[in-house]
Amino acid sequence: MQSNMFTDISLNHYLVLSSILFVIGMAGVLLRRNVIVILMSIELMLNAVNISFIAFSKYTQNVDGQIMVFFVMTIAAAEAAVGLALAVTIFKRFKEVNIKFFEHLRG
Amino acid sequence: MDHSILMAVLLLSPFVGFLINGVRYKQATYKISGGIATAAIFISFICSVLLFSELVGLPVDQRKIHVKFFEWLNVDKFKVDAAFYVDQISAIMILIITGVGTLIHMFSTEYMHHDKGVTKYFAYLNLFVFNMLILVLGDSLLTMFVGWEGVGLCSYLLIGFWFTDKDKAAAGMKAFITNRVGDAAFLLGMFVLFSTFGTLNIQEINAMAPTVAETSWMGALTMGTMFLFVGATGKSAQIPLYVWLPDAMAGPTPVSALIHAATMVTAGIYMIVRLNPIFIMTPNTMLVIAIVGALTALMAASIGITQWDIKKVLAYSTVSQLGYMFLAVGVGAFGAGLFHLMTHAFFKALMFLGSGSVIHAMHEEQDIRKMGGLKKYMPITHWTFFLGWVAIIGIPPFAGFFSKDEILWMSFHSPMGHPVLWAIGALSAGMTAFYMTRLMCLTFWGKSRVPKTVHPHESPALMTIPLIVLAVLSVVGGWIGIPEVIGHTFGHIPNYLMEWLHPVLKPIPNLTEAEHSLEWGLMGASVGIASISAFIAYHFYVKSPEIPGKIANSIKPLYELVFKKYLVDELYFKTIINPLIELSRKVWFYVDVNFIDKITYVIADLIKGGGGVTRSLQTGNVQIYAMYIAIGLVVALSIIIIK
Amino acid sequence: MLLSTVILLPLVFAVFIAFWPQQRTLRHLALGFSLIEFLISLMILNEFDPGSARLQLVEKFTWIERFGIQYFVGIDGISLWLVLLTTFLTPIIILASWTSIDTKVKGFHSCLFLLQTAMIGTFLSMDAILFYVFWELSLIPMYFMVGIWGGARRIYATIKFFIFTMAGSVLMLVAIIYMMYLTQQATGVMSSSLLEFYKVKIPFVAGTFMNQQTLLFFAFSLAFAIKVPIWPVHTWLPDAHVEAPTPGSVILAGVMLKMGTYCFLRWVIPLFPDATEYWSWLFLSLGVIGIIYGALVAMIQPDIKKLVAYSSVSHMGYIILGLFVMNQYGITGAIYQMLNHGVSTGALFLLIGMIYERTHSREISKYGGLASVLPIFTIFFFIITLSSIAVPLTNGFIGEYLILLGTFKAAPVYAYFAVTGVVLGAAYMLWMFKRVFFGEKGELVKDDHHPLHDLNLREIVVMAPLLILVFWMGLLPNHFLNWTKSSVDHLVNNKNKYYLEIHENKVAKGSEYAN
Amino acid sequence: MTSDVFLFWFLALLIIGSGLAVLLFTNPIYSALSLAMTMVGVAAVFITLQAFFIAGVQLIVYAGAVMVLFVMVLMLFDIKAEVQAFSSGKISGAIKLISVGLLSGLIVGGIIMSQKSFVGEMTKDAVHMAEIQKLKKSTSPDASSKELGMVLFSKHIFGFEALGVLLTVIAVGTVALARSRGGTHHAK
């Protein structure tokens, strides 16, 4: 049975979408200097993961995938809160939210 | 009285004396300390006499008193008891030790009275006697070794008695370490004998001794006896380990008399005599013993001629006389060796105590060049010393004559002996006569060279009484062992000593009947040599005192060599001690510090360097870390996919 | 419960001390505790049956069932005296450190008790994992003891000490796990019990290195060799000793080094009999080298403590020699020498600590003429010196003699070399003694403004038990050897098929009560 | 081309486009707005997958709360477009880009390659079609939310409670952090 890539939307399409979004988020994390944008990129990555969770959940008819997304969202919200709080403290001291102020872990 | 109580009192009395004096070591009451110590030894002496008489009372073939106190060590087949036994040989020894010991303790009481550490001194002295008794009475080689090391220890303590003087402390140390070399060999000897016989019990070993002589050099028995003999050279100051004895004169003079003349230094001979059944079966060892003994006798005597220190002369004389004793046991004449041991104990202790008396009178002066003419100041010391002198140079009928003659005769006559050995012995006898006469002349006779500030005086009674007793013994001591040839001539005087010792001494194999004329001849020769030497010495040092200096000058290099004791000490330092210390330094520096530690440092540095490399990866930039994650992800995924 | 009590009571004490609020009574408390511990450990003698070679007073509880790991402790003649030595030395150490440890007193005593638990645990564990836990645990308090209360270069010394010992034990852990695997292969049930290990026949091929038994043998041996320490891996010892405070040195020399030699006897020799026999030449040589090397290097040390540390290397060489000749004399002598070394070297370190407290120097060249200033100290030091150089009637002689005898019976060549240690030992000790105690007064001794005072009552009380033991062990060795005899005989007679059974009679006694 | 298919492609393009916009805008405010757009797109994708409840949560929590938080912080700081929005370092930048590219290629390639072995087609597979039809009938939005709630409060109750605790901690921690004087270590 021949399938058409454009008309037959399979699980793979969702997974590919998810991975592309994930990689975009990752590029953001790697390349941007603004801490807040980095946090945003992390949100992107989390969203990408969520897509694949939901897709799998749909495919396997298992509601656990949705539960996991629920959890991920909660964590993401928490993470955003903490991350932004950190950004605030950085900003208070340096008047800038550049990632370079986190370089104290140098070995 | 029960034997075990007698034995216990004999042994423990000196130990109790040691404890009492040891506890009150700070007191300087010399009369009480000396009294306690002397009494302790005297009690032992009484016990010795009682034991001796018990022994005499027993039938000839059962003359043995064995007392076991407790089991000391018991591992597998190795069993050693704290047991002691008296037989004919050890009976003589305990009599000498406690008898002479009592006299010397008595002498010390007066001699040491001005010393602050007098109580400590007596404690050590008592401890020494205790250890010496263990050595002599121990029924196994290990028990003997306990005393063997113990006397070495006491010798160390007493030589270094005036420890604030660095040289004296060093002399003590030298004695102990040199002895330790011997002791290490003794240990090996014990191991060999244990491997061979499966026991260290002396009686059992003697009973198991083979009946056929072992001729191989590498045989177990030969090795064992050889090791034991090396042990003996340490304790009894023979070549090559004699060097400690002259230095040991740093100790108080009575110590020299007791330890370094009468008792401890004879332990080696005693040990060989006690083990005579196995020694006689190892002719190779016997040969070595005889040669070493003869050479030591000669070498020490020659050094004695040149020394100026009164105690040094006596010390070399002791080494030389010990050489005689080894010569005797080396040719199989164990009885003669023991005989000489006994007479030597008398006259040498006498001479040491006499020299102590002189030193005491001269206010610690030991150089005989600063003496002379002391005869008129201290007549008792002079006359007792005189008797010792005639005894040692072998003038009949004094004690030394009989024992020394017996040795010389046996070294010629015994199948294990050789005329060369006799010749060396005779030569040494001549030298002995020479240097002893020289000592006599320079100290007591001739013109007084005493410095004006010193006023010599006769010593008090506490010191002279022991001298007199010993002098008497030096005269009559030899009469218990009059050789058959003389005894026969003067009407069947029996040789008491040899009869007494006969059951415990193995006869020399293949001993032929001697020709009396030869024996007489040799006897005459040795007495002649001694007399002539003595006369020459008298001539040199009293009649024309300038001659010795001239002779010394004419053979200066040789004289210097002898005067400096053949440079043996220097040789040892140069070839053994200094290289050893140098080696230690090198080993420590190169192996420990620069090799093993370096290796660990290198390993540590490698790890540290590796850490440095990985450290530079830790830039602190979070994004770079994230990049590593990404790279890792790429690699991991590639692997999964390619697979 | 006796053994568990002996092992764990110090731990309780350590915690108790750590929370004890009063600084003033702390030492009294610790001393009391340690004496209680000693008395309890003496009760082992009461319960112990010297006639049996079996494992006695056994306690066994499952710990991690899946891997067959147990809490398994037991005692036999080999470990008996070492346990008592540990409990015996602790009160002495506490009393000796009465004035010398003046900072962080609480921590110090806690460390000490923790260390005691670890050491006794090491001696009594019969389960490999339990043993490993105790073995490693002993490092930690020692690390702190040297690192906190030590001398000037203490950090260097602690790190060296720690890394050396850790390096060895890592391999040992691997070997233990492999042994557990082998046990499973052989019996079907995984177990880390030593008794199960004994039953495993480990394949051995002579002549090659890459076979199971040889590799396991070396993995274990390396860990123990570093602890002993055997010759080429000894360099941590002098540094650790020099920098350690007196109590640390005493524990280190007195007990910790024995952990290495004891473990050779408990683990290596019975577990790997073929490899032990095949490679014994190596250990005998290293032992002999250690004896001579330690003595030579000790001779030229300028620091008294370093000298004694190197003398330890020399003495431990004797013990290794005794262990690897594998006959009754050697092993008995080695066990005895372990005790001797604990007593006499421990005492030497105590004495050095005492003089250090007075002069704050350990440099030999600065001393001299001490004998006329401190007579009691001199007498004590001399007696311990005699014990150290193995003069008869002191404890050292028995051990050294038996070891040399055993060596001579098994391999005379080594005995010929080892016997030089007897001479060299006397040389370095007496030379040191001469330079410190004899001669003219040295610069530290001369000072008239601060005259040195002789030992006080506390210090005499500290030394007295050790001195008594020196002569007791020298004069009546059978009192001690009778307890080890059957275990040693059992080991030697079954060295190729060693097994250990559990002595049940105490349990039977208990069940009688129950009925 | 059914509406489902069209919807998927449309949403995919939307998500990817706005995602790229987050990455590429130098002004953070624009990035934030683009992110909001992405969130909405993702919520829509959830709806196409019949996860109605989650889609709702996505809209409310993400697009609502979290994005507002971001925007508020940005407004608070008054952050303008940055001169240097991307991290410096040519080599590391290149490596980053390369690895990101490789990663995306690998993941996509991996997913496509594994097609046969792993995934049957969602729309074509007859059995699945039947099931999905059945599901579509049975699972109204209410039903799926109910099921979700049942599972969440029974099977995953521990995780749920733990999250509650976590959120409390986070709330306290965030306040504490925000109140501190700021900065890590010392000022440069």
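Per-chain residue numbering starts at 1, and chain names A, B, C and D are given in the order in which the chains are listed.
Assume a contact is a pair of C-beta atoms (placed from the backbone, for glycine too) under 8 Å apart; a residue touches a chain by one contact, two chains touch by 3 or more.
Just so you know, these numbers come straight off a predicted model, no measurement behind them.
*Asks:* If I average the Cα coordinates per chain and compare with the overall Cα mean, which chain comes out closest?
*Replies:* C
*Asks:* Going by the average position of its CA atoms, which chain sits the greatest distance from chain B?
*Replies:* D
*Asks:* So the centre of each chain is just the mean of its C-alpha atoms; given that, what is the distance between chain B and chain D in Å?
*Replies:* Between these chains, centre-to-centre, one finds 100 Å.
*Asks:* Can you compute the centre-to-centre distance for chain A and chain B, using the mean CA position of each chain? Integer Å is fine.
*Replies:* 95
*Asks:* Would you mind pulling out the distance in Å between where the CA atoms of chain B average out and where those of chain C do?
*Replies:* 38
*Asks:* Provide the C-alpha centroid distance between chain A and chain D, rounded to the nearest whole angstrom.
*Replies:* It comes to 6 Å between the two C-alpha centres.
*Asks:* Give the residues of chain B touching no fewer than two other chains, as numbers and ranges.
*Replies:* 621, 623, 627, 630
*Asks:* I need the residues of chain D touching at least two other chains; which ones are they?
*Replies:* 87, 96, 100, 103, 107
*Asks:* Give me the residues of chain C that touch two or more other chains.
*Replies:* none
*Asks:* Pull out all the chain pairs that touch, please.
*Replies:* By the stated definition, chains touch in these pairs: A-B, A-D, B-C, B-D.
*Asks:* Where on chain B is chain D touching in the complex?
*Replies:* 621, 623-624, 627, 630-631, 633-634, 637-638, 640-641
*Asks:* Which residues of chain C touch chain B once you look at their complex with the stated criterion?
*Replies:* 160, 163-164, 232-235, 293, 296-297, 299-301, 327-329, 332-333, 369, 371-372, 375, 386, 391-393, 397-398, 401-402, 404-405, 408-409, 412, 415-416, 419-420, 422-423, 426-427, 430-431, 433-434, 437-440, 475-478, 481, 485, 489
*Asks:* Quick one: which bits of chain A touch chain D in the complex? Just the residue numbers, please.
*Replies:* Residues of chain A touching chain D: 1, 3, 6-17, 19-28, 30-34, 36-37, 39-41, 43-44, 47, 50-51, 54-55, 57-59, 61, 63-64, 66-67, 69-71, 73-78, 80-82, 84-94, 97, 99, 101-102, 104.
*Asks:* Chain C touches which residues of chain B in the complex?
*Replies:* Contacts found on chain B: 25-26, 70-76, 78, 142, 145-146, 149-150, 153, 156, 160, 163-166, 169-170, 172-173, 176-177, 180-181, 183-185, 187-188, 190-192, 194-195, 580-581, 583-585, 587-588, 591-592, 596-597, 600, 604.
*Asks:* What residues of chain A sit close enough to touch chain B in their complex?
*Replies:* The contact residues of chain A facing chain B are 26, 29-31, 99-100, 102-107.
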